[in-house]
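Two complexes are shown next, each including chain A; its partner changes from chain B in the first to chain C in the second.
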Partner chain A sequence: MGNWERLVWNQRDVLLQGLLVTIEICAIAFAVAIVMGLGLALIRLYVRPLRWIAGFWIEYCRATPIFVQLMWVNYVWPELIGWPTSFYTAGWVALALQSSGYLAETFRAGIENIGRGQREAAAAVGMSPILAFRRIVLPQVLVMIAPTIVTQFTVIVKSSTLVSVITVQDLMFQSQRLVNVWYEPIEILTATAALYILFIFAVSALGKALADRLRLRYGLGT
Partner chain B sequence: MFSQNLREMLDLALFWEYRQILLAGLAFNFYVFAVSAVVAVSLGFLAALGRVNPLRPLRWLGAIHVETFRNAPDYVMLVWVHFVLPLLLSQMLGQRITFAPFVSAVIALGLVYSGYLAETFRTGIQAVPKGQIEAARACGMGGALIMRRIILPQAVRMMLPEAMNNFVSLFKATTIVSLITVPDLMYRVSMVTQQEMRPLPLYTGAAITYFLLIWGVAALARAGSERWRRKIWA
Partner chain C sequence: MADAASTPPCVEVVDLHKRFGPLEVLRGVSTRVDRGSVVSIIGASGSGKSTLLRCINYLELPTSGEVRIDGEAVGFERRPDGQVRKRSAREIARFRQDLGMVFQQFNLWPHLTVLGNVVEAPLRVRGMPKREAMELGRACLARVQLSEKADEYPARLSGGQQQRVAIARALAMQPKVMLFDEATSALDPELTGEVLEVMRGLAADGTTMIVVTHEMAFAREVSDRAIYLHNGLIEEEGPPAQVFGDPKSDRCRQFLAKLLH
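Moving on, here comes the complex of A and B:
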């Protein structure tokens, strides 16, 4: 038990700091992914000339492994377009890209699921298409796909462990640095793994409960 | 500036020049995938059997297995299996044990994806109507026979699309084994990059290769499993 205290409990500040960076980068990536996913879905559905580009982009994001994408964004983008300029940015950009592809498809399925009649009714009472989308379609879609969005957030958290490879100082990075200082991986890495598992378990349980309540409240009960 | 960079990015001659080394790396992705898929399917099936078992302790065991490995990030699991598990085994057995990177990769990915697959299997198994199982029991079939003749043939068809998704994810996950020095495609790309100092065409080539491969396989798998399902049901 002495080892646990020395290597894990006494290092809790470092580990928690790492966890904070993990949460932060995941939150940024998640927010960007939702906006991008919705944008891509709308383009794919309604902007005819750009439909193919959006479709290709979605397929590319979905079918490329996150690690490959991370390396691609990190090494290729700066030379190609001069951005992102920091590892941190490259990290969340790659995470957001990956998830935006999945979310775009989720949004699209959700939007297509809303009956045409509702949009026509909205038009009949004088709503503009944009207002109808904002007031009628989007809220229903969000409630419908809430569970998938939660799952996608846990995917981001899992993938975020890879940003430590490009020296973003997340939980994984900090724990590996501690291992390199102490040369005693057992306690540190086990604690890190447990922390990640518990964190992701908690996020998905909490998210699922929230999503279920939302759906129940709006009559889409599971 | 931009167009010049773009040309360099799409100039895959360098990628092509190293094709033999890189292809040999891609083969490693397939080895890791194949072996860990076998591990994941076997463990996942056992865990799923545990989760639908009438015995409460077995159900708990199955649930713990699923929740642990499904919620573990691939990379964390990979590092843990490679650096911690051999030490724990050494302490237990009293002799020094180390894992080859390939072995660690297979164990880690096998464990993680057994969690996802167990849930897929369980959903398939539980989708078979209870009445059929009761009817089989009434005819005097035993548990193993019911599983083999009644449940599995239907469950496999039902869970096939989701299992295909799991396998595609598993193949994607094999790209991270380069981080524990399994010489897969990504590993070799980073080696060549260090020599050539030209990451642009190399990483772009890797991204395109993986994209075409995974996209193609995913599309094929989707079409194949759909057709097979339709053929059986109709």
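Moving on, here comes the complex of A and C:
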């Protein structure tokens, strides 16, 4: 047990600091991905002139490896548009981009799944399409796709380990640094894996509990 | 009926056509519904009766012809200078506030409580203060005898109860006219009674109603006038005693005879 104490317990501050950065970067990426995903889905569904751009963008985000995207955002964007200016920003941007493509398709499927009758009932009482979307369609879509959204968050967490490559000091980065100091990977990497498992498990459990509660509340079955 | 000529009818349909691609579902329908009267529309499936109802509140865009509510055309505006302007979606939505619609499939919003379904439009569309909307919502639920279900979610109600909530939801907008699109067709036979009972009550209170229905006994009993549609045209129209008892048209006679056997 001496090794565990020396390599993991005594380094807990460094590892937890890394975990904090991981949580932070994932949370930002997730929030941005949801907003972008919804926006892309709406454009693809309802803004005819821009539909092909949204479609192309979604396919691009889904079809490129996250590592390529990360490199591209980190090294190409600054040359093209002068942004992002930090590795940290490049990290969450790349993570958000990829997830936005998947979430856009999830939102689209969810929106298309809401029966026409729901919108017609809203129109029949005089609601505008925008009000009907906000009050009637979107809440139902969110309940329906909540499990998929949670899964997407866990994907972001797992992909986020790659930002260590561009020196963002997340959990993976700190863990590798410790390994490189002592050349004793077993305990450190095992502890790192355990931290990722705990984090993802906590998020999944929380998300599932939330989704189940919503579905139960609306009497939509278990 | 002395003032019928001077004041415009509550709903007036003039030479309405509706075409879906090559199929002409309505081929020139004209009729009027006076305030406080109940008109039932009967006919075989595919005769165009639901389409007619859906054209009245512009859920379907008529191909040509006119729908007027209290003398005002829903789809376009005649300017004083004689020019005709198509109305925007927003203006048409404004008309729909005065046209309560009850659907065959209820179409309640599952993520809102029963009371939430009823007060949604008064709150968000009419901009009514919350307390007032809640009072109105509860009054509407009382009218359909569902006060005790106010805080339930729709999925926990029977079909008949759901349809009564849908009626309350439409009533909460205090519409000029209520449109019923086969309101009992999706219900088990033992549940149609409670919905028809509520509709009977509305008719007795003087609500203007247009009722597309397969419930002939109900139509005969409650309507002031019945319309028999066939292939997108009004084939027979008149007091229910005439339409159901002694129709002039052979097709209407055959249609009714088939239902009796």
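Just so it is clear, the second predicted complex is superposed on the first by the 221 of 222 C-alpha atoms of A that agree within 3 Å, B and C clash if a C-alpha of one lies under 4 Å from a C-alpha of the other, contacts with A are read in each partner's own complex, and residues count from 1 in each chain.
Heads up, the rule we're going with is that a contact is a pair of C-beta atoms (placed from the backbone, for glycine too) under 8 Å apart; a residue touches a chain by one contact, two chains touch by 3 or more.
Remember, it's a predicted structure, so these values are computed and weren't measured experimentally.
Contact with chain C, but none with chain B, is seen for A:Arg135 once the two complexes are overlaid on the shared chain.
By the document's definition of touching, of the two partners only chain B reaches A:Ser204; chain C does not. Once chain A of one complex is fitted onto chain A of the other, the partner contacts of A:Ile114 are absent, as it touches neither chain B nor chain C. Of the two partners chain B and chain C, more residues of chain A are touched by B.
By the touch criterion stated above, A:Val14 is placed in contact with neither chain B nor chain C.
Look at A:Ala124: by the touch rule set out above, it reaches chain C but stays clear of chain B.
Once the two complexes are laid over each other on the shared chain, residue contacts for A:Glu59 go to chain B alone; chain C is not touched. Chain C makes touch with chain A in their complex at residues 57, 59, 89-90, 93-94, 96-97, 99-101, 103, 105, 107-111, 120-121, 124-125, 153-156, 166, 169-170, 173. Residues 59-60, 63-69, 71-72, 75-76, 79-81, 154, 157-162, 164-165, 172, 176, 179, 185-186, 189-190, 192-193, 196-197, 200-201, 204 of chain A are the ones touching chain B in the complex.
Of all the residues in chain B, the ones that touch chain A in their complex are 2, 5-6, 8-9, 67-68, 71-77, 79-80, 83-84, 87-88, 172-173, 175-176, 178-179, 186, 189-190, 193, 199-200, 203-204, 206-207, 210-211, 214-215, 218. By the touch criterion stated above, chain A contacts chain C in their complex at residues 115, 117-118, 120-129, 131, 135-136, 139-140, 143, 217-220.
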